[in-house]
Amino acid sequence: MLVEIIVSLFLLIGAAFALIGSWGLVHLPDFYMRLHGPTKATTLGVGGMIVGSVIFFSTQGEGISLHELLITLFLFITAPVSAHMLAKAALHLQLERVEKTRDVARKNTSGPCGK
Amino acid sequence: MLSLAIEAAFAMMSLALLFNLWRVVRGPDLPDRILALDTMYINTIALIVLYGVHEQSGFYFEAALLIAVMGFVGTVAVVKYLLRGDIVE
Amino acid sequence: MELLVSLLIGLMVACGVYLLLRARTFPVVMGLIMLSYAVNLFLFAMGRLGAELPALVGLQGQTSDPVPQALVLTAIVIGFAMTAFAVTLALRANSELDSDHVDGVADGDETGGGGQ
Amino acid sequence: MSHWIILPIVLPLLSGLLLLMGRSSALLRKRLLSLLSTLMLLPLALYLLYLSSDGDYQVYALGNWAAPYGIVLVLDRLAALMLVLTALLALPAVWYASRGDDARGRHFHALFQFQLMGLNGAFLTGDLFNLFVFFEVLLIASYALLLFGGGRARSRAGLHYVLLNLAGSSLFLIALGVLYGVTGTLNMADLAGKVAAAEASEAGLLHAAALLLLLVFALKAALLPLYFWLPTAYSAASAPVAALFAIMTKVGVYAIVRVYTLIFGAQAGLLANVADGWLWPLALATLLLGAIGALAAGKLRTLVAYLVIVSVGMLLAAVSLHTPEALAGALYYLLHTTLVSGGLFLLAGLIRHHRGPAGDHFITAARMLQQPPLGILFFIGAVAVAGLPPLSGFVGKLVLLTAVPAGEQQAWFWAVVLGSGLITIVALSRAGSRLFWKTDESTPAGHRLDPWQLAPTLLLVAVAPLLLSLFARPVMEYTGAAAAQLLVPEGYVAAVLGSEAPLPATILQGGVQ
Amino acid sequence: MKHQRWLPHPHLSILLLIIWLLLVNSVAPGQIVLGVVIAILVPIYTNDFWTDPPARLRLLPLLRYAGVVLGDIVVANVQVAILILGPAKRLRPAFIHYPLELESEFAITLLASTISLTPGTVSADVDADGRGLLIHALDVDDDEALLRHIRERYERPLKEIFEC
Amino acid sequence: MNNSLLLPLILLPLFGALLPPLFHRFGRTASAWAAAVVVAAALLLLLSLLSPVFGGQTLLYHADWLPAYGLNLSLRLDGLSMLFALLILGIGLLVILYARYYLSERDPMGRFYGFLLLFMAAMLGVVLSENLLLMLVFWEMTSLSSFLLIGYWKYRADARQGARLALTITGAGGLSLLAGILLLGQISGSYELSVVLDSADIIQAHPLYPVTLVLILLGAFTKSAQFPFHFWLPHAMAAPTPVSAYLHSATMVKAGVFLLARLFPALAGTELWFYLVASTGMITLLLGAYHALFKHDLKGLLAYSTISHLGLITLLFGLGTPLGAVAGVFHIINHAIFKASLFMAAGIIDHESGTRDMHKLNGLWRYMPHTATLAMVAAASMAGVPLFNGFLSKEMFFAETLHQGWLGDWSWLLPLGATLAGVFAVAYSIRFIHDVFFNGEPIDLPRTPHEPPRYMKVPVEILVALCLLVGVVPAWTVAPLLATAASSTIGGELPRYSLAIWHGINTPLLMSLIAMLGGALMYALRHHLFALHARCFRPFDAKQVFERLLYKLILLARGLTEVLENGSLQRYLGLLIGSVVLVTGVALWDTPLSGPVPSAEVDAVTLVGALALAASALTTTIWHRHRLVALIQLSVVGLVVSVAFVRFAAPDLALTQLSVEMVTIILLMLVLYFLPQHTPAESSSLRKGRDLLLAGGAGASVALLAWGVLTRPYQTIGDYFMQQSLPGGGGHNVVNVILVDFRGFDTLGEVTVLGIAAIGILMLLRGLRLKMPAADGEGRPWASDRYPMILAVISRPLLPLALVVAIYLMLRGHNMPGGGFIAGLVTAIALILQYVASGIAWTRARMNINYIKLTATGVLLSTLTGLGSWLFGYPFLTSGFGHFHLPLVGEFELATAMLFDLGVYLAVIGSTLLVLANLGTLTLINREMAEEN
């Protein structure tokens, strides 16, 4: 029962963060800000699910099941690349940003790529 | 308890995916759509893991793993295209 | 569920066919891809949708029909090979004919008599 | 179980793979290997013909899995005949190609071998999905071969050909899906039984599947209204490729014969002979429109391509009759038309190379340096393909004309066949007159003929129709037997499904302890 | 280019073995044997593709670093969740340039990934000369604090792990 | 019964046709000799058979050709065929001699004799055939070989057109004859003449008799140049004169009347026969005779005269009486003799004077008296002057016209017409002589005429002698031949007839007299008649009309073809889709749509997935003109389909779909670079509407099919696989066991397809020149950062990690979701990522694999695994597996299917990289090319 509660908790946490991240994607005003929604909330979103799953399967009586952790591992390797590349693309395309965005850049305002 | 939580999680994931879909469709810019697609992939991982727990079956692990390993390749390809046109140079 | 899947397959076929009927190679290739999604799903559905478990030996419960799955796998691979060929050919045609029109005619010439 | 049956598939596959392994510069060695492999197919096919000639079915269970579960190859008279035909056509084609046409790009011979693999597989398989796979093998090889050598015309024609066939492949899968979804099986013999036993509630779906399959095959066979792609495609291909393509439409015809005798034949209960009502009028219209197209053609390759369409109309009209006589005649005619039109494509290639910039267009041009041999070949080929005596075309036409049962059908068939025959004669005499008679005599064009290209052309254009005509009786006896066998599909079904399933093999049982 | 060694990347091999055992979800002897074989063979065959791996790598600091990052991710997730759920008007987004001390590309990449993985910041670009990162932050009030935070919490440990 | 000498009669000239071209290198004379010897040999052979035939025997020869279809190599030599064979070989021999001198140095003589002998063989075949189908074979061969002969002077437009006209008309007749013969065979039950000729009652009573008769007559009439098909014959005069002398006197055109004679017993004697044949004959007789008079070309005159005489013969057979037939046969002989000699004489005149125009030809008597004499005799015969052979048969003809009984009160029409034709015949015969040999002086002839070489006249002399001999002493010369021929024509008792020159003064003699006088009068009035003719008849050139008609026909054909095949793929695809909708509609029309199986509930997540699928499919379509946007929408479809496979318990499918999805995106991105970024808006709303209709129809069709199947129960072979997978295939993952074992053959084919596609793509890319856009769709220049650092640094270590995952997927595929294909794709994606992240040069330096060989090796490995089973006596692709035990490792399984799967793995890597890497390299190549230029 306790296990069930813990698993449920993790699943719900995961789902909640996935949802929040996706909400951010919908709700935030410019691309650069939207970029934060998924890349953050979904890390924990998936993470929550994974932990829930690990606990769930490890308590099914068929030994410990940790392989779901690999999903997180690979996601941690690959997800930042997507985010980084997307940001690069957005800078290159000079996507509009909300006006209040401050530029604390050392070089120029349009980003390092704008030559 | 668990099944109720799973139902709720399913509902939230569905809503999340709908949000993603909205952004894919709405754009306005290409990076937005790509980002939304990428998020869909990642949310799909979560959904598959959740489905595995729901079905109490480990057969779907590989699908989730595969997305984790390969899902970003599509994003990278499209973004590289936006940046350079030529993705393999 | 059966109705929903049938309708979805039908919708995908319709979209695929509409794209297939476009005049430029790239939308046509997208149409082919869409069509192959639809066909794969169709072929898979022919093994019915009621299964809860994958077609693995030793599971308790209703497993899915493995035959259509094997067919779909073959179809996916062949479809991929064909798409790759078609899209490369589109490239070749675009280069040789100076147009990506499926009939190789210049822009703005809709029904164009490619003729002989 | 004789392993010979799998060889027509495995042999070209292996040689195709070996051809890919070799260095790309070693063209001579590749030619030899390709020729040798194609040459070996002929005795092999003849041996299989001999095996099949006693009327027994040879069933080869791949992976030792009995039908209907595993894939089986089934050798009957028809399959053997098609194998022989393929070998007979392929050898001159690859021989011709080896004199230079294969050097216009890479991997010609590998592609050629894969094409043969696909063809032979399609003729041998007893499994409908496997037929799809072999269709794809032969199609993808044909796409590449069609485009071999490059150029604008090929790109455009190739694009149409490829895209249409891709749509056709999707259709094939849908039809297959419905068949499987209703009957739960893919083996053709098993399907025959299941379809025959189908209840009224399933008949509509099976009917749809049958007609969709018919469309797929009709697209390959080039039946109205799905033949419009063919003239441009075939006339764009290089000569040896077009020659080999002479059998591509026949694959469609073969599939129609096979499926609509075995699965949807006369014994198919509610679905008996579902294709016939569509085939008959469309085939006749195809026949006529093909002849009209031949008359309209502006160059020899296009003309021959239309004659291919004419032959398809002829064949399918006969097939739709479902009588042993008509089927026997159709199979004879199939042999004739495939070889002769293949040869004419080769001849068109020769003429093109020897006629300077005019190519094979029907315009006045300088006379060819060595006109007489080409002229004689053209005359013989024209006689053969127009169905004039004494060559095989006449025999085939005669047999088909007599095969149609008296009555309204006969009147239609005769009128269309004879009418299109006349149009064909006019078209061919005009073509020959333009190419060989109305010439500018001042300075001959071209160069000396390559006897090694002339010989394969001669084989197909002249020797084949002559021999087919001289030995019409034994050939017709064989095709008659093949037709009889086709019309009693119970034998096929019994041969495929009747035997007890062999026990699954476990070669490595035990192992190291 | 090819300099075959028995164990070109021992750390990688260990990682691969762990991954293998996780994949098969078993520590049966057979799987360990197979995993060892794979863990040895795969790096040999992919050696050429990883020409500039970190010269040295200190394992314990690395593990500590991983723990820190994971913890930060959880905390930041909650913070950002609150930000996202709140009105967007309140947010103070900014592009911040972060001058790098790290020099190895691998380490820089790890830092950039860490920044991206921790909610609230994304590393948007690397300077052409590799001397700085462009970071987009969702909500900052104190630029310097953020730069300091990254420097202290992530870049220094990474330096410790990979460089002298 | 089986006379083995008959076959050589045909085979001698048939194979002999090869000799003259071969002997041509030894000179023209050698070539002529070769031809002559062949014909002489055949003639001798024929003469050796003379006595049994004259003794009333019918010699037969039979060999099977295609007996089941009634086509046999059966020959017959009776009186009629003897007569014709004699004409063919006899006159043939003379023509060979004549042609030797007629043809010029620059005419390829070997070819001429070759064609001539070929024609001769065909003609002999026609007259010697016992089997009607065989006769048709030779019949068509005469058309073909005469086509070659008429077109012999191929550089002349009139020769080419004349040849084609003749071929078209006689070819059409041949096809009609084929149909007629087939019907005749159907009615009488055999194609053998001996049966057919005995079945007159059955044939003439059969409801199909009229159709049969018409079809056969069409064949005969076209060949014999009967009205209204007569117009090809004058244009066939473009042939060298020896050809005309041969084809249009004794042979080709006689084939038609031969057919009338041959089938006389079976078909003649009915009212229909009379009306069709006799009236055609009569019209032709008059028409030919009339036009002959007004031709100024010598050969033209002879051509129309031939038409007229053929009409006469036809009319005689048309009467349907035995005596008429006798007269017909007799006139065949006579006409052959005098017309051949006239053609030859005309040829001599043409040859020696350089023209055939009677306006110019005058007074040649002075230059060539010998030839003139010969011509006069022959012309007299043609006119029906007593003491010449033509007179005898013409008298018989006049007599027969008086004795027919079909026309009742209108019976006088026949003798009237006959006499009128006689008048014209006399007139044009006089003209032939007087206009040419007398009538003043020649008018600027191209050459000064003189007598021809000695041997050129010999054939004419022989023929003219025959005219005289037959005319004067018919009983001693022609009588036995005529009797034999006529009796076998009639097929029964010969009627009483007399060949005497003098029958007393009777109506026919009167008619002859009228013809003579009238003819002379008409010739005297010729100038007025010519003027009248020129006023009333506009010159009508059938050949030009034919050419124009043909041209219009070709234009029509071209128009129709272009309307059908407008080269628009959209139309062709539209037709295919339309057909799909049509046949599905027809098939499902009266079928209940849904079956008895209840549907499952739809859960919320699935519904959301469905929504996503539907939305993205629609947006893909709607925004298809914005290619990249549509592509992203399409990716969503792919993702949802993958998830659907998970949802419906098909993990293998999900894995495959996902990995193929990745490769496809890379592929499309690679290609899109070189294509326009946007599709122009060019579809009219009509086109859009049509396409929407088609798309909707196709979608509805497939949806109906899916719904129909999904709601019906089925039994599947799938259960067998579930049971046999482990014991028989050694694997738990049934899908995989099906792929590598149960249906491994499919998989082998599938990877072969992949390999071939890769090779084909490589071929397409070779030498491909492409424009590389310098800016993206919105005109922005590309970013400068080629290989983003973070991407490169992550990609490199990802490769070993991905490889481990691939190995894992592959090894466990047999028992769990996975397998060689997916593993191959994962590996390929990891490798292609290196290309994307670090570039081609970098990757190539590290991985120098020949992808073609890798692909081939993979397929080869799978194939060899399959072949391995032969060693154990099992069929191709039989798998084996076993459980093994090793210390430390424990128990594990090995299966040959794994080796097979390894082959698949390698082939997939090879072909995927072959495609992607080579596509990627395109830019490199094009950049280099651009820099070079």
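We just call them A, B, C, D, E and F in the order they show up, numbering each chain from 1.
Everything below uses one rule, namely that a contact is a pair of C-beta atoms (placed from the backbone, for glycine too) under 8 Å apart; a residue touches a chain by one contact, two chains touch by 3 or more.
Everything numeric in this text was worked out from a predicted model, so none of it was measured.
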Topological distance between chain C and chain E, in contact steps: 2
Graph separation of chain B and chain F (steps between touching chains): 1
Per-chain CA centroid nearest to the all-protein CA mean: D
Comparison of E-F and A-B by number of C-beta pairs in contact, larger one: A-B
Longest centre-to-centre distance from chain B, chain (CA-based): F
Chain centre separation in whole Å, for chain C relative to chain B (CA means): 22
Averaged-CA centre spacing for the pair chain E and chain A, given as whole angstrom: 15
Between chain F and chain A, distance of the C-alpha-averaged centres to the nearest whole Å: 71
Centre distance in Å when chain C and chain D are each reduced to the mean of their C-alpha atoms: 27
Overlap residues in chain D, where contacts from two or more other chains coincide: 129, 133, 136, 140, 143-144, 147, 150, 159-160, 163, 167, 174, 177-178, 180-181, 186, 231-232
Sequence positions of chain E contacting 2 or more other chains: 19, 23-25, 112-113, 123, 126, 128
Set of chain A residues in contact with two or more other chains: 21, 23, 35, 37, 65, 67, 70, 74, 77-81, 84-85, 88, 90, 92-93, 113
Touching chain combinations (by label order): A-B, A-E, A-F, B-C, B-F, C-D, C-F, D-F, E-F
Touch list for chain D against partner chain F, complex: 1, 3, 6, 10, 13-14, 17-18, 20-21, 60-65, 68-71, 105-107, 110-111, 114, 117, 121, 129-130, 133-134, 136-137, 140-141, 143-144, 147-148, 150, 159-160, 163-164, 167-168, 171, 174, 177-178, 180-187, 190, 201-205, 207-212, 214-215, 219, 225-226, 228-229, 231-232, 278, 289, 292-293, 295-296, 372, 379, 383, 388-390, 394-395, 398-399, 401-402, 406, 414, 418, 421-423, 425-426, 429-430, 433, 436-439, 441, 472-473, 476-477, 480, 504-513
Residues of chain F defined as touching chain A within the complex: 780, 783-785, 788, 790-791, 794, 798, 801
Chain F-touching residues of chain B, taken from the complex the two chains share: 10-11, 13-14, 17-18, 21, 24-25, 27, 30, 33-34, 37, 40-41, 44, 47-48, 51, 59-60, 62-63, 65-67, 69-71, 73-74, 76-78, 80-89
Chain F partner contacts - residues on chain E that touch it in the complex: 1, 12, 15-16, 19-20, 23-24, 28-30, 33-34, 38, 42-43, 45-46, 48-51, 53, 105-106, 108-109, 112-113, 123, 126, 128, 130
Touch list for chain F against partner chain B, complex: 604-605, 608-609, 611-612, 615-616, 619, 628-629, 631-633, 635-636, 639, 642-643, 646-647, 649, 651, 654-655, 658-659, 661-662, 665-666, 669-670, 672-673, 772-773, 776, 782-783, 785-786, 788, 791, 798, 801-802, 805, 809, 816-818, 822, 826, 829, 832-833, 835-837, 839-840, 916-917, 919-921, 923-924
